[in-house]
Amino acid sequence: MADILVFGAHPDDAEFGMGASMVKFARSGASIAVCVLTRGEAGTFGTAEQREAEMRAAAEKLGGELEILSYRDCQIFDTYEARIRLAEVVRKFRPRIIFAPYHTNHSYHKDGAAHPDHAATGTIVRSAARYARFSGLKDAAGEPWNAEHILYYMVPRTRKPTLLNDVTPFMGEWESIARCHTSQMSLRDGKVLEGLRRFREAYGNLLGVGYAEGFIVEEPLVFDLSLFMSSSSQPGGVAHRPAGTA
Amino acid sequence: MADILVFGAHPDDAEFGMGASMVKFARSGASIAVCVLTRGEAGTFGTAEQREAEMRAAAEKLGGELEILSYRDCQIFDTYEARIRLAEVVRKFRPRIIFAPYHTNHSYHKDGAAHPDHAATGTIVRSAARYARFSGLKDAAGEPWNAEHILYYMVPRTRKPTLLNDVTPFMGEWESIARCHTSQMSLRDGKVLEGLRRFREAYGNLLGVGYAEGFIVEEPLVFDLSLFMSSSSQPGGVAHRPAGTA
Amino acid sequence: MADILVFGAHPDDAEFGMGASMVKFARSGASIAVCVLTRGEAGTFGTAEQREAEMRAAAEKLGGELEILSYRDCQIFDTYEARIRLAEVVRKFRPRIIFAPYHTNHSYHKDGAAHPDHAATGTIVRSAARYARFSGLKDAAGEPWNAEHILYYMVPRTRKPTLLNDVTPFMGEWESIARCHTSQMSLRDGKVLEGLRRFREAYGNLLGVGYAEGFIVEEPLVFDLSLFMSSSSQPGGVAHRPAGTA
Amino acid sequence: MADILVFGAHPDDAEFGMGASMVKFARSGASIAVCVLTRGEAGTFGTAEQREAEMRAAAEKLGGELEILSYRDCQIFDTYEARIRLAEVVRKFRPRIIFAPYHTNHSYHKDGAAHPDHAATGTIVRSAARYARFSGLKDAAGEPWNAEHILYYMVPRTRKPTLLNDVTPFMGEWESIARCHTSQMSLRDGKVLEGLRRFREAYGNLLGVGYAEGFIVEEPLVFDLSLFMSSSSQPGGVAHRPAGTA
Amino acid sequence: MADILVFGAHPDDAEFGMGASMVKFARSGASIAVCVLTRGEAGTFGTAEQREAEMRAAAEKLGGELEILSYRDCQIFDTYEARIRLAEVVRKFRPRIIFAPYHTNHSYHKDGAAHPDHAATGTIVRSAARYARFSGLKDAAGEPWNAEHILYYMVPRTRKPTLLNDVTPFMGEWESIARCHTSQMSLRDGKVLEGLRRFREAYGNLLGVGYAEGFIVEEPLVFDLSLFMSSSSQPGGVAHRPAGTA
Amino acid sequence: MADILVFGAHPDDAEFGMGASMVKFARSGASIAVCVLTRGEAGTFGTAEQREAEMRAAAEKLGGELEILSYRDCQIFDTYEARIRLAEVVRKFRPRIIFAPYHTNHSYHKDGAAHPDHAATGTIVRSAARYARFSGLKDAAGEPWNAEHILYYMVPRTRKPTLLNDVTPFMGEWESIARCHTSQMSLRDGKVLEGLRRFREAYGNLLGVGYAEGFIVEEPLVFDLSLFMSSSSQPGGVAHRPAGTA
């Protein structure tokens, strides 16, 4: 059982992609499980064994459960078998919210976030969440479970996020967890965390806070007046911000 | 002062377009003001005087304030004067949330919701809300005010709403308020309310409730975990719904 | 041989999705064949045997031919084998018009119409119709056949239909045929037909008639002046319809 | 009275943009009126007087009525006055179908079809057709008239036309009418007609005929089975066409 | 005469929006003119006089010409007069390339870059560049001039830039020029330049360099093989970059 | 080793789709390799043997290398095996630029360019180019290679090309190479080359030259001032081009 179930294709996807939100959720009392489909053995740095140890360390630091599946790095495809396997994970953890990488990304081949494994994972999860609730689908072990929400992280650069999560107070703890993926710290000439921080700054800028993580929700959201009433409407005086400010 | 400020082009736009949400907001304790730009004198039924009386009756029943401007029906255009005038209304009511008809609608000429006055009103409001907070903008009377949120109603048919508001318990009170627009009850061969109800059923269907009203928000929303945690995830068993179900 | 060939993934897709149009076509003298890819055995209600009997009853009532393929529910994927198999069905019936569920639907996981089998069926049909006309494609049995048109039903909520078919006079007969799918009548707490009717009302509303079914055509249509000349242009007098009317 | 009313911004817009369709409509017995908003006096070639004479010659050859308004070339804007003036033209001719240049075109500044007057004309017509039916709109002279259809010509390059009109048999007569705009024949180094012909070839290619003109319709079209049944489905044998064929 | 003509609505738009590119262009020998439509007198900080002095200082530091027009801050609208006035500026400077703020931006009212003056300026420039080449358009003073290219800066957040300009070596000089707008340095709690730098970092990240500025071009670009041949293809070894990296 | 590597699904895809650009590249000194996935044996005309001979003749005439893979016509799917196989081709030729058919095309089933093999090839190449640079990906033979650019040909009709390549001087040589595909000359009633020429005329028209080929690039391009400075800005005098000109 977990309130929140986060799927990732590679060992660092969840922590690098939405790790500060995971910290924030955990610190607010939510239980979290992370399901990683591969051991990332096709990466430049780190063996399957090292990377498994790293993700275990990260999950422990977060305080979440970890489920590692046996897919091969660079070989994630949307098949019936994969939909069933992931539906079983959904049925096992019975989450309220499922997170997955966004299911569609046509970005150019140099964009790291557009790895085909990422989009494939999002595509499978979308069907697996549906299959998990079908009582007539006997191929999937476990009791049917209807998770109400799917939220997507790894927002493509050409999409505006639906939701921005202010993670400013959790950036320190996030960095400590992200550093568990020791083998990956040499990526981008050792500046991998700097890049990830800059990325959260840009979303924070959109929200008017220090750091934020972005998500796409494709379901219409339920209107909750309090979301808007508690906000920071206030006497004006702010001139139009300078042109070109992100 | 009002928590919520709803702009409409014609006397019935607010009540017909998002009236049940207005009832719901009011019943939850929010103060509401409605600002109507014209007296709807170019409509088929009702004189300017009748329609003014009708909107006053509706506002009274709702328990909201009413501000009637002096624009002419079918003559709403995005001008500097209009932006300033509406900014003054914003500065007067100092709302947390502003509602306006959606600012863009290319729908075909037979679609009632695509009246050019509607889109023009949304376009003006978008700039007026910005201008209202500029302390350097002396042409607009009143103290600068920075309303944090603009939400749009009158969602075009080709757009998916961002937010759906469950208004099922408020449909009775809504109908009673909508009926204040007596002169308009002959529209669509007397079936105007039936059409409006059917419209809310369709959005309710999307949300899994009886009746809902839809809104578009163009700002990324602030992530609030409780929105998703309080939801209805549950044991499954629901087969795939029949094809073609709305 | 059939003038019209309708593909569906599950036993009720064709009747629930565009059944009233099928009645209308049949009553105007067109011959119709329905090809169903699975027996819907993963649904909550009904066994494969029951559902096969139900679709046979529906086809008989409609007066159409029925071809049942051997794909498994929830396991429809776009493969070469499937393209060839469906091309053979096209070659067998030699239709003028092919109907299929729309091939792309990213809607959220709770939307029944967005079952992955539906989009997969549309995707396969799009290639199968092309393959059916290749005389060099020996893997597919039958004589090459070039069906001129593909029309899609199960229009995603975020798409505007290209064509609306007025089915008002055929709703009674449609309901009688839809009820042949007895095992599915418990869906949505027994309100499945009510939902399907409401869905047709919403499209009818767009067209100004009681009930309509919507279709997407991706080919540019041939201009036929009579389509527009026989229409209901008339003296005006209709005021702008109320805001928010669907 | 006219079955068909075509609006153009400049003297040659209607003939150059959809002239072969106008010939086809006229030869099938429809009555046609053309309303031109300006005399094209800001063009490189031809004075206002010459161009007026040219459009009169073209209208006579076509056998249609001609209404010339007094807007200035390069100065067409969407104003209340213009909406009312064009609504009066609609009320005068009481057409079944209205044609106008497409209302939105962000194409780059070198694209001739993207002249701001063209999009402005389409924008005004969209509102004018609506205003023409409002009986409460006393500013517009004439009896209210509800024209059922608006079709757009001058399809932007980035849009797929909704309808293609086979005009192959009418290209000769079209050219003869287009040549009435004598002053414009020096455009594009004298190759203006060649460009217009090539343009119709490209659309013809899409339809599988010699020459076609394209149109956008934004209203869902009424389904008419005969449109699809009379088509050219036939034994196959056509291999996949070569890649890159338009 | 100027190779490059940059239009801005407010005194700091050009420098804040694409200033580092202007430095780069100037340092490569191109002549630059900046045309500013208003004195920014509705801003929170700085009077019209101060801001005029600031933009003169910035232009001098850049080494470009400066043309200040007499439009009022917050009052820029697409009118015939404005198209003509800007066409005259085009005819005066006879540029090869025109830069303007992007012409369409529906972003929410809190996004500084989405000031209605910005989009209005882009819209006017698009028509003005066209009008400048019409020899028949006598209302605009000056000899007709056909500027081949319009490029847009102030790329909306929801659009991917077409072109990214590496400005890393010019950031120091850019900052020195941007600081000429002294009165605006208090914006965003004094962090205005930091925000603008972060913005360029994000685009630099896309390009794999330190800092970049983004542009939209709506004309298809001319293919130049050397653009691609001189690039950095090289032996691989770079693993997939971490998920979530911008 | 090759500067440029062009992937095609069928023997004639490269020559028919972007052959004149290949000639232009070759004549400017670039080395070119063409990799064809199938022998086109499912086409109406020509056996696998004939078509192989034809593509060899075309490659020889062009002066490029040719790599023929063993996929089956109509059976190209995005699999791990295919990604690896194509990555090996990338590693073998170590190109600076990769060309592939555009990866997404929902066009209707009668559009030759929308053959599912074409989009599948583009999809595979997009991943293969990425996989080719992963040093951790041992399944692919050869040394890792990071090709900097992917450009797409076979632009769908509903997309605007990013780049247009003026191929006017190379049309003669192109036709001579295209004619090497002798078996395909009977396509479209023998008018296949005429169709391909017309297609290039339409793009040429966009660029203001005789003939052009279009490409899509999904990566933001590097800004190069000289691209725009060498252009044809000039004294005006060109009136607005006639409406409807392509």
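For the reader, a short list of remarks on this structure follows.
Labels A, B, C, D, E and F are assigned to the chains in the order they are written; within every chain, residues are numbered from 1.
Definition applied: a residue touches a chain if its C-beta (ideal position, glycine included) is under 8 Å from a C-beta of that chain, and two chains touch if they have at least 3 such contacts.
This structure is a prediction, so every number in the text was calculated from the model and none was measured.
Path length between chain C and chain E in the touching-chain graph (shortest route): 2. Minimum number of contact steps separating chain C from chain D: 1. When chain centres are defined as mean Cα coordinates, E lies farthest from chain C.
Averaging Cα coordinates per chain places chain A and chain E 36 Å apart. Counting only residues that touch two or more partner chains, chain B has 42-45, 110, 115, 130, 134-136, 148, 160, 206, 237-240. Applying the touch definition to all chain combinations yields A-B, A-C, A-E, A-F, B-C, B-D, B-E, C-D, C-F, D-E, D-F, E-F.
Those residues of chain D that touch chain C in the complex are listed here as 3, 21, 24-25, 28, 30, 94-97, 130, 132-136, 143-149, 151, 160-166, 206-207, 214-215, 220-225, 227-229, 231-240.
Contact residues on chain B toward chain D in their complex (touch as defined above): 41-45, 73-75, 77, 106-110, 115-116. On the chain B side of its complex with chain C, the touching residues are 8-10, 12-13, 16-18, 42-45, 101, 110-113, 115, 118, 153-154, 157-160, 184, 187-188, 192, 195-196, 198-199, 201-202, 205-206, 208, 237-246.
Taken in their complex, chain D has these residues touching chain B: 79-80, 83, 103-104, 126-127, 129-131, 134-138, 148, 150, 217-219.
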